[in-house]
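Have a look at this one.
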Amino acid sequence: MKTIVIKLSGSLFSMDSGPSGIKKIVKTLDGLARNGVKVVAVAGGGKLARDIQKTARTFHADEALLDQFGIDVSRIHAKLLTTVSNKACPDIPTTLDEVLRYSTSHPIVFSGGLSPGQSTNATAALIAERIKAKLFINATDVDGVFTSDPRKNKNAILIKAITPKDLLKKLGNEPMNAGTYDLMDILSLKIIERSKIPTMVIKCDNRRIKSAISGKSTGTKIIF
Amino acid sequence: MKTIVIKLSGSLFSMDSGPSGIKKIVKTLDGLARNGVKVVAVAGGGKLARDIQKTARTFHADEALLDQFGIDVSRIHAKLLTTVSNKACPDIPTTLDEVLRYSTSHPIVFSGGLSPGQSTNATAALIAERIKAKLFINATDVDGVFTSDPRKNKNAILIKAITPKDLLKKLGNEPMNAGTYDLMDILSLKIIERSKIPTMVIKCDNRRIKSAISGKSTGTKIIF
Amino acid sequence: MKTIVIKLSGSLFSMDSGPSGIKKIVKTLDGLARNGVKVVAVAGGGKLARDIQKTARTFHADEALLDQFGIDVSRIHAKLLTTVSNKACPDIPTTLDEVLRYSTSHPIVFSGGLSPGQSTNATAALIAERIKAKLFINATDVDGVFTSDPRKNKNAILIKAITPKDLLKKLGNEPMNAGTYDLMDILSLKIIERSKIPTMVIKCDNRRIKSAISGKSTGTKIIF
Amino acid sequence: MKTIVIKLSGSLFSMDSGPSGIKKIVKTLDGLARNGVKVVAVAGGGKLARDIQKTARTFHADEALLDQFGIDVSRIHAKLLTTVSNKACPDIPTTLDEVLRYSTSHPIVFSGGLSPGQSTNATAALIAERIKAKLFINATDVDGVFTSDPRKNKNAILIKAITPKDLLKKLGNEPMNAGTYDLMDILSLKIIERSKIPTMVIKCDNRRIKSAISGKSTGTKIIF
Amino acid sequence: MKTIVIKLSGSLFSMDSGPSGIKKIVKTLDGLARNGVKVVAVAGGGKLARDIQKTARTFHADEALLDQFGIDVSRIHAKLLTTVSNKACPDIPTTLDEVLRYSTSHPIVFSGGLSPGQSTNATAALIAERIKAKLFINATDVDGVFTSDPRKNKNAILIKAITPKDLLKKLGNEPMNAGTYDLMDILSLKIIERSKIPTMVIKCDNRRIKSAISGKSTGTKIIF
Amino acid sequence: MKTIVIKLSGSLFSMDSGPSGIKKIVKTLDGLARNGVKVVAVAGGGKLARDIQKTARTFHADEALLDQFGIDVSRIHAKLLTTVSNKACPDIPTTLDEVLRYSTSHPIVFSGGLSPGQSTNATAALIAERIKAKLFINATDVDGVFTSDPRKNKNAILIKAITPKDLLKKLGNEPMNAGTYDLMDILSLKIIERSKIPTMVIKCDNRRIKSAISGKSTGTKIIF
């Protein structure tokens, strides 16, 4: 049976796009489930997580606790996803073992973050590794990996394919504070590399998710 | 040893008042703890809870699950409070037993909601009952109990003292949807009544909380 | 798939009626399960709970802890039910989330109480709400709702149909101590009302449970 | 610091002796705690456990599940004890690790059974071993170990001192069904023997418990 | 449906025999599962457990904690077994209730020890009792029960059939330290006896396990 | 109060050095605790972890599960440490929250790994961050950070001080398989950098640990 892990950008849950964006994507995942594909989708924390982390930072909370606030918010997002789906496990897992257990008895599992010190990207990569996923889709708030940050540089060009090692070099000098820009962090890449997980980095919208699932080229492909 | 349970209105955590309102109140509670008073403070869900419940309602989530979203948010609020305090238990309890356990080893415990079907008010009343609190302060977003809803009726008059039975009559016909206006709901009142818990309903600001703790008259007193 | 929640009166477990009463009802529920109906049955605490609460009261235990003793006994009753059934989940859930999880993988789940401050009636109503039950049967130790308490007043007349609001008015002034007479308490009614759960109040015997399930009129119907 | 483990016969909780018997013994244990002695007391299941086991047996429950019913009842008994004590941990442990954890932060811990296949006697012996108790008192419903069962044989003589090996021989041929007469079962004796735990078998009343604690001879002493 | 409980000797996991011994046996169990047999296999701790217990003993760890180290190691062994099987529950249970729960949703469950004071043999017997197994195979590091210890006495003769009572007599005087020679300890035998569990004691290799499953005579049969 | 986190190399637990090496170091930590220093020590998995991972790899276990085997072994090592100490929490934490909770009530907490995808080094760094440690000692099986791997290159020179960024560059291209050489992995360094945790990398022996604690220069210091 085919298994897919998809990381859903936290930006999906900000109120701008509204609930309709969430609905469409969950319907797509339900469709996959009906066709016998096993899905684990990991929700990000997004702006709400960053807002709470900002308040906690004014109280001098440590970074690991800030990570935990991000995890708490991402789990609320995951629970929201369960209310739309007809195929999902009603529980949100809190450990990697629970992800595995729930996914053996439910076609779809929605998860948030699992552990401080790990972005939801890295968590999704670990899950992909643990359940031996055939495809890991990282659905972010940008179109893929660019030659430079496209939000700062208009001339940034989308990279169609890149190795974990090359991507690592691009990211190596970035800071790692809770909630910062984390397109694909180092830990995720190390995991993708060590287990050679087939990975796509795409924008988080329903059309492109469908394309990525059906194997069409969109965004950036991680190659080995 | 004196024990106090205080319900902190979810409105405290909306970004308007800013983190300074939270800081002041936690400092007051830390001061109590230094003077040997045992404190359990229960955070409400507020606007953030209502926003998430609104989204979930568009997905046709059941009311008990909407309650759960409110609990999840109130626990994040409780965790925020721990980051300010020097005296608080770092863990947020998830059952009444845990509240009791944590409060035997820490001077302050911050809690959110505990169970669907219970407002955070009712949860706070149950905690007050379980730890045999000498005072239960319900710090709300209004000045106390009024003859009618002061946000709708300019001529509403603050009631200085009222029995649970009379207050119950005032509230009996209100609906009980998750996140709706719940100054002091029926379950809270039934608990306050059955254990005769000394209770004050006041506005959630630092000055009035201090007054209530020192026994000064402010807001509405529940009498038996 | 049809789902039914049934509250089984604690009186079922007192030794007078003997194990045969239990056996018959569980066989009926097993039959439902075989026909594809999903069942959650909530056991009450009954006389055993009240006896233990009475002893604990002489030790000045608080009311919330007395509730907990009732929950403990009701879980033993629920576990007894599992030993008769061929279709039931072997685990007794301890949270609303667990009820939901177990009921997705087992045709029958037996539960006791879940939270202090909630009668097993209210717990059953919350479960009915959470699993979107098509029918909630409250099988009590009386024939239904009467114009007055039939155990005190010989002229009490069975009410065939009543709204939650009207029933609430009848019950509003009753006390809420752990283990007291609780035909249908306020919290249950608020939940039934907010989610418009189809509800029957009947006597807890096998014949009437069968009638209620097959839609026949018996006891009191809650109407909206 | 001195540590004592005491097994309290389930017969203490039957309604004949009434709550006053319980009160006296807990007061004695509270007194010990005030003098710096660490106490773990393990409650038996008694008649209530046997009644429930009898019903479950008519439903063909397996023996391990019958053991579990006994554990459930013994935990209710342990919780009853906490309501009398001023020194006890409010939680009832469910694993040996929890017993140890709770006893490091509370002067008294009340426990019930911990594991199917173990009598509460054996559980108490394991706890004595794990917390390196200086004394294990097995307070039973008889005066100690007799040359034969004193309830069947009027000429039975109390044995003042006996080795585990000799006691083992006396018990070797008894059956081990849940809830049967289990003065000191084989598993308990094996544990007492392997760790050379100083042990007294006495009748469960306050006067004799006090004697045993102060080192006076009463009942039967296990010698090595 | 047929259910089998098999205790796998800890010696299987020592590196001498290598991973191929493990592989063969798990393949046999997977085959059983494919034929509709429900299997619970309990792994022993073996030499690794004894090594760790030896170190802990030099630190004066109590016997109950030594038991716990044995349990920890046996759970690692159980987890190793899951990595070979295609039919096994990915989780290792930690209570008897979890064994039952996992075995209702998975054809094979691998377990280690569950409770201090119980050998993995006794744990396996309890599991056999709880899931009402039709056959309990105790696969040890010897060929079965002998007239004396075959590792010390060359003339020891294999006993083809023996009652629990007679076997008990043979074992009655052996010590019960954590990790010692425990072919079939007293607690196991008491459980086998009280529930009349059909039991075979055989050597832990694939050929003999297959024979025992298919009902052929090998090793020692416990008779009633 | 001063707080120290120390990572103890898994090599400490291999049988070559024997239990005496463990004893000395725990005595040093107990001494710190007596002087009011709070200590969390994280045990590595060492050779035993690598042996089990090697076996599991022949069974094609995924990398995340291999990490879990390493965590299981490191927890056994942590539990061994508790048997030597007079000051340690008897429980081994399984989440970051538990580390924090246990360390508020015990002077010493011994931990193993906490989460797959994290080396025990990274776990120790996260703990140092969460409990706001004044010093993080990484006690490894080498003398500190060298210009190249001293086990392969005789001319490797010990680096006295290095920034996280420079150390990151040295490690950037190393693989991240479970159990491989991981002097100080990337995740650890990112955490040390984001929270500017004062860190020493030294050899795991008692003399050097004492030196590092008293602020003397030994091994490699991470500078900012």
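Each chain carries a letter (A, B, C, D, E and F) given by its place in the written order, and its residues are counted from 1.
Throughout what follows, a contact is a pair of C-beta atoms (placed from the backbone, for glycine too) under 8 Å apart; a residue touches a chain by one contact, two chains touch by 3 or more.
Note that the coordinates shown come from a computational prediction; the quantities given were computed from them, not determined experimentally.
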Third chains touching both chain E and chain A: C, F
Mutual neighbours - chains that touch chain C and chain D alike: B, E
Geometric centre distance via CA averages, chain E-chain D, whole Å: 30
Whole-Å gap between the CA centroids of chain C and chain E: 43
Centre-to-centre distance between chain E and chain B (centres being mean Cα positions), rounded to whole Å: 54
Of all residues in chain A, the ones touching two or more other chains: 65, 68, 97, 105
Every chain pair meeting the contact rule: A-B, A-C, A-E, A-F, B-C, B-D, B-F, C-D, C-E, D-E, D-F, E-F
Of all residues in chain D, those that touch chain C in their complex: 15, 19, 22-23, 48, 51-52, 55-56, 58-61, 65, 68-69, 72-73, 75-76, 79-80, 83-84
Complex contact set, residues of chain C against chain B: 62-65, 68, 96-97, 114-118, 122, 125-126, 129-130, 132, 165, 168-169, 172-173, 175-177, 186-187, 190-191, 193-195
Complex interface listing, chain B residues touching chain F: 89-91, 105-106
Touching residues (chain side chain C, partner chain A) in the complex: 97, 100-101, 104-105
